[in-house]
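Below, subunit A partners subunit B and then partners subunit C, in two separate complexes.
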Partner chain A sequence: MTIGGFIIKNALRNKRRALLSILSVAVSLFLLVTLLVLLRELTTPMQDADAAMRIAVRNRVSLANTLPYRQRAVIERIPGVAAITPFTFFGGKFRNEDIPSFAQFAMDPVQLTNVFGEAKLPLDQLNNWIADRSSCIIGIETAKRYDFKIGDKIKLVGTVWPADLELTIKGIYKGTPDDRNVLFHHDYMDEACGRLGIVGTWWVRAKSLEEVPLVVERINKEFKNTSAEVLAETERSFVLGFISMWGNIKILIGSISTVVVFTLILVSGSTMSMAIRERFRELAVLKALGFRRHELFAFILAESFGFAMLGALVGVGGAWLLYTNINITAATKGMFVAFELTPRIMAIGFGVASLLGVVASIMPSISMARMSVVQGLKTLD
Partner chain B sequence: MALPLKYNFHNVIVRWRSTLATILGIGMVVAVYVLLQALAVGLEQNSANTGDERNYLIVRKGATSESVSQVTREQFRYLQYMDEIAKDEEGKAVLSADTMVLVSLPRKEGNGEANVLVRGVMEKGKELRPQVRLVAGRWFVPGNREVVVSRRLAARFQNFQIGEQFHVPGADLKVVGWLDGGKSAFDSEVWMDTDEARNIFGRENYTSVLVRPVDEVAASKLKGRLESSKQIAARLQRETEYYREQTKTAGPIRILGNLLATIMSVGAVFAAMNTMYATVGSRTREVGTLRVLGFHRHSILLGFLLEGAILSFIGGVLGCLLALPLHGYATGTLGFDTFSEIVFEFRLTPELLARGILFAVIIGLVGSLLPAWRASRVPVISALKSV
Partner chain C sequence: MGKDLVVRIQNLTKIYLQGEINVTALDNVSLDIARGEFLTLMGPSGSGKSTLLHIMAGIDRPTSGKCYVESVDVTKLTESQLADWRNQNVGFVFQSFNLIPVLTAFENVELPLLLTGLSGKRRRDQVRTALEMVGLADRAGHLPRQLSGGQEQRVAIARALVTDPHLVVADEPTGNLDANSANEVLGILQSLARGGEKTVIMVTHDPKAAAFGSRSIHLEKGELIREETTQ
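Here is the complex of A and B:
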């Protein structure tokens, strides 16, 4: 019998325990990677190629404050500005959903391709949308979820804005990091609300990457000490600002992950010790046969490391299979979009597992090393 | 039916080394469960604590929350002279037109910015909300650019100490006092004069109006009048009800807590099972002896189940003890109802602790069911022969 065979035979002689150990490691690692993915989803801004060129302009007081429409002409004249569109969150209710799974924004349809170039849709659909003031385009995810087709109507009941809108779908786009939004004519909303002359935010595209910081500065300076001071910032810092509002929830999820790892090490470590304690007599026999201490160490380590790795394979692999195969957007009613198990998170999962494998073998190894052969042979338990 | 109770109970203590890890493991699961639920409870209590039964909130028709509502000055003038609204000794109507503005302000320790809810109130606004007390400094003087901030927010945002000033576009606001909302939603607010707030933030309209009707009959009359009136077209809701419905933030936390607890409990069941199998396995001879002494199979089964329950009960109590120091600890996050920073506390209620312990005992029972069944099936002769 080879050494490897010996280790495997030993590990599997109590099949039930082996299975339970592997499963408990698997469950804990599944949970750990899920938490890490959740944390990533909450804290990492979605990136796309165009984002670096885009600038978000909001009211300096806060995002909830509006901006006057007259600012558009001023921003258009600022050097370095390639395109600008108003972008106003409508926040309407759809059917009986209090918080619909899709957001609705009013914008200037002509500027869609100039400012949000990553949104792709057939040219005829785009032109149909531009031509019809009471129409909208929707993201492909929303189209799938509600089984919307071109020509269908969406009725939105205003909560933030004092108007109800009925929009005809003229196009379906895809290619943005979150293909769910409903986009419609700002003009149409203005008219329905009684020409309030205000917008939520401005989104600007700079002419080149080098000009982005300059444009940001120019826009901020332009409206300083006016009745509607603005905060222009790159799309990235705009999104990061959102994330910082989460506050302590991030720390909370981080601490839970730590507790999970700690519990995992504790429980699996004790199971390993239990398995070794049962075998004290045999280990003593091995010692008597002339096996050296470090060889016995290796037996214990290999067994516990093997269990931990198998557990990681089942837990992390299971999480990977689950999150790549289910439609997370639909399952969480639009709360999460990407929920991606990145290679980095996988590496963390396996890293924790190998650490666990090593730590779990330390305690039994120490007691094994301490025991004398005679004492070991006498053990009954 | 006689149970080997003493035997099982002593086992937990005598073999503490092998049971300790399981107990700790279950303890951790319970601690995480209890803490997350305590967050949700804290948030819900915050909303439930807010408001006065006698008050009614008036918002624009169709507005789902105060922050998206608008009440024009003209509408307010109509309201002021309605007979249904209570009057004070001087004959003034007891109502306050509030102006709510979300202001993005820097957090302490460079933790980025967060939205803070600034509420402009009228003189009566303070009387209408007796749960809001001034705990330091003085109230703002109408017409001055002064604010009173919540003591809890003061711990989280820059320049919120009394005497300090913070900048908002177009003005510097001076902090002249601290308020305490008595663990209500007002703990997450900054208060100032309503017309001053409208001026500084360029609001033509008020946000909402809080009124106190003469009595319940007047309240329902007022409701009918407002909802049918063309000039006002507003919605009337009891203040306490309005806040009780603000549960958009607590919901997801509760779901996260339940989800985590479910997954972790599966892991804990495996661990408990492992421990119990090992205990049963190493005690085959003892089980045999018990059988010879006359204990029935069922007694053995129940005895071991009980042992698992005792084990996990200790774990559950331990978990609660681990979580308990966080009771009353204030934390904050983005509130989905107001889109602003809300401050709330972990609330570990007795009911919640009981649920945590019950949860632990269920884990223990499920985990020890199979091992206990196995123990009860051990043939007496072979059990006694085994080493």
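Here is the complex of A and C:
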């Protein structure tokens, strides 16, 4: 027999309790890493070379306020600007879906590849879209979801804008972080709405990465003290700002995660204490036989740590298996296109499990250390 | 300390604090125990016999007085030193056997050897020898629940002997056994002392059990009141 074998036999003496302890840790850690992935997906914008060079320009008052179309010519002349397109959220209803699984944006189709270079669609499809003002292109995820083909028509009922749009699909794109959107001519939407001459946002591409901060500054300065002051910011800042409109989701998820970890520590600590209290007399016997306090502490720690790590393996490993193999877009009805359990989040899961293993063993170890052999032998006698 | 003395106790006093009341468990007890003796400690409940045994075995500390075992004053040792000392010098036999239920008889006996740094082979050899001494070599793979009470106590004796200690202490070892099993266990303890190398100290209520010993000490209210040589 080895010390390790002795610890394992002790830990598994009550198999049902061992299983339940492991499962309680596993379920809690599954929940914790899921919340962390959720937080990450909500707050971390996709980063690529194109995104880093993109600048979003919105009304300084709020995202809900529009900007005049005449600003386009001004922005185009600002040094460092390579391309610009209006980008206006349409927010129409589709079929019987009040909130469709895809967003709809009006933009300048000629600028698609200049501003959103990651969008890939065949050249003939792009040209067909550009040539037909009442047409649109759709992301491949939306095409799959609704079984759309080129030539099909999409009817969008306006809820934000005073117009209904009927669009013919001329292309299917892919390669963007969110291949679900429907993109159509801004000019067509403007005409359908009665030539309002307004846009939701401008999206600008800078000529180089180094020029991004300069272009941001120049655009902001250009419209200062005008009737439509703007807020130009990098795409990353824009996305984070957009998310913050949901409320302080970071604090919400952070609070839930903290409660999960705290509850987990209480439950595991209580379970370990119970398991050790039942064995007080045996621990007293081990002390009598010559085992020292630190050796008994190591037994308790190893048992507690072992349960916590097995729980982490099941919980974090299970989450990884699930989120790696599941079609997250289908499972969340298009709410998420990615749900990646990153190595960092896995490390946090295992880190919490390690902490749990140590903390849960502290109270029973203190009780064990305080117990004299004679007291321990009297327990349950 | 004399050449043949294993234990010398001088003016040993133990006072417990029970709530707010001081309870004197041992009151100025002095005692010498020679090598190869089978000493029985007798007396009514609360007379201090178990306390005296626990102090001699190094699992309890006196309030005052000295307790030398093999010339070592165990009252002066630190917790850690006491743990090592117990492992090397004392074998314990308890009333309720106190075997670890998830370990086989063999593994229970091997337990104290895990602290010795002996090789696996040496450990296995010593365990087999100890189990043979108590006549349970054929039960080595059995769990405690698969053994009778007498067999469990014999496994406990094997565990007490496996480190080859000078002193074997037994606290009511026959208290949970039927008459036949009790006789077997007492016979084994007697034979250990008869060999001359081991000194056995046993607490018992039972005069029949005490009759197996070579000397009997009677305690009452923490004082040593009578001593008898039984063999």
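Definition applied: the second predicted complex is superposed on the first by the 374 of 381 C-alpha atoms of A that agree within 3 Å, B and C clash if a C-alpha of one lies under 4 Å from a C-alpha of the other, contacts with A are read in each partner's own complex, and residues count from 1 in each chain.
Everything that follows uses one rule, which is that contacts are C-beta pairs under 8 Å (C-beta built on N, C-alpha and C of every residue); 3 or more make two chains touch, one makes a residue touch a chain.
Owing to the predicted nature of the structure, the values given are computational and were not obtained by experimental measurement.
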Taking the superposition as given, does A:S21 touch the first partner, subunit B, the second, subunit C, both, or neither? first
In the superposed arrangement, does A:G269 touch subunit B (first), subunit C (second), both or neither? first
Figure out whether A:I3 sits in contact with subunit B (first) or subunit C (second), or with both, or with neither. second
Touching partner for A:L63 - first (subunit B), second (subunit C), both, neither: first
Between subunit B and subunit C, more extensive residue contact with subunit A: B
Pick one for A:T34: touches subunit B only (first), subunit C only (second), both, or neither. first
Please indicate which partner A:L289 is in contact with in the superposed arrangement: first for subunit B, second for subunit C, both, or neither. second
Regarding the shared-chain residue A:K207, is it in contact with subunit B (first), subunit C (second), both, or neither? neither
Just subunit B (first), just subunit C (second), both, or neither: which does A:R236 touch? neither
For A:I256, select first, second, both or neither according to whether it touches subunit B, subunit C, the two together, or no partner. first
Dual-contact residues of subunit A (subunit B, subunit C) 381
Could you please specify the touching residues of subunit B with respect to subunit A in the complex? 18, 20-22, 24-25, 28-29, 31-32, 36, 39, 60, 62-65, 67-68, 70, 101-104, 107, 111-115, 168-170, 201-202, 248, 252, 260, 263-264, 266-268, 270-271, 273-275, 277-278, 282, 331-334, 339, 341, 387
Subunit C touches which residues of subunit A in the complex? 1-3, 6, 9-10, 12-13, 281-282, 285-293, 295, 372-374, 377, 381
For the complex, give me every residue of subunit A touching subunit B. 16-17, 20-21, 23-24, 27-28, 30-31, 34-35, 59-65, 91, 93, 98-99, 157-160, 162, 227-229, 231, 240-241, 244-249, 252, 256, 259-260, 262-264, 266-267, 269-271, 274, 278, 335, 380-381
Subunit A-touching residues of subunit C, taken from the complex the two chains share: 54, 57, 59-60, 79-80, 83-84, 86-88, 92, 94-96, 98, 100-103, 106-107, 110-112, 114-115, 159
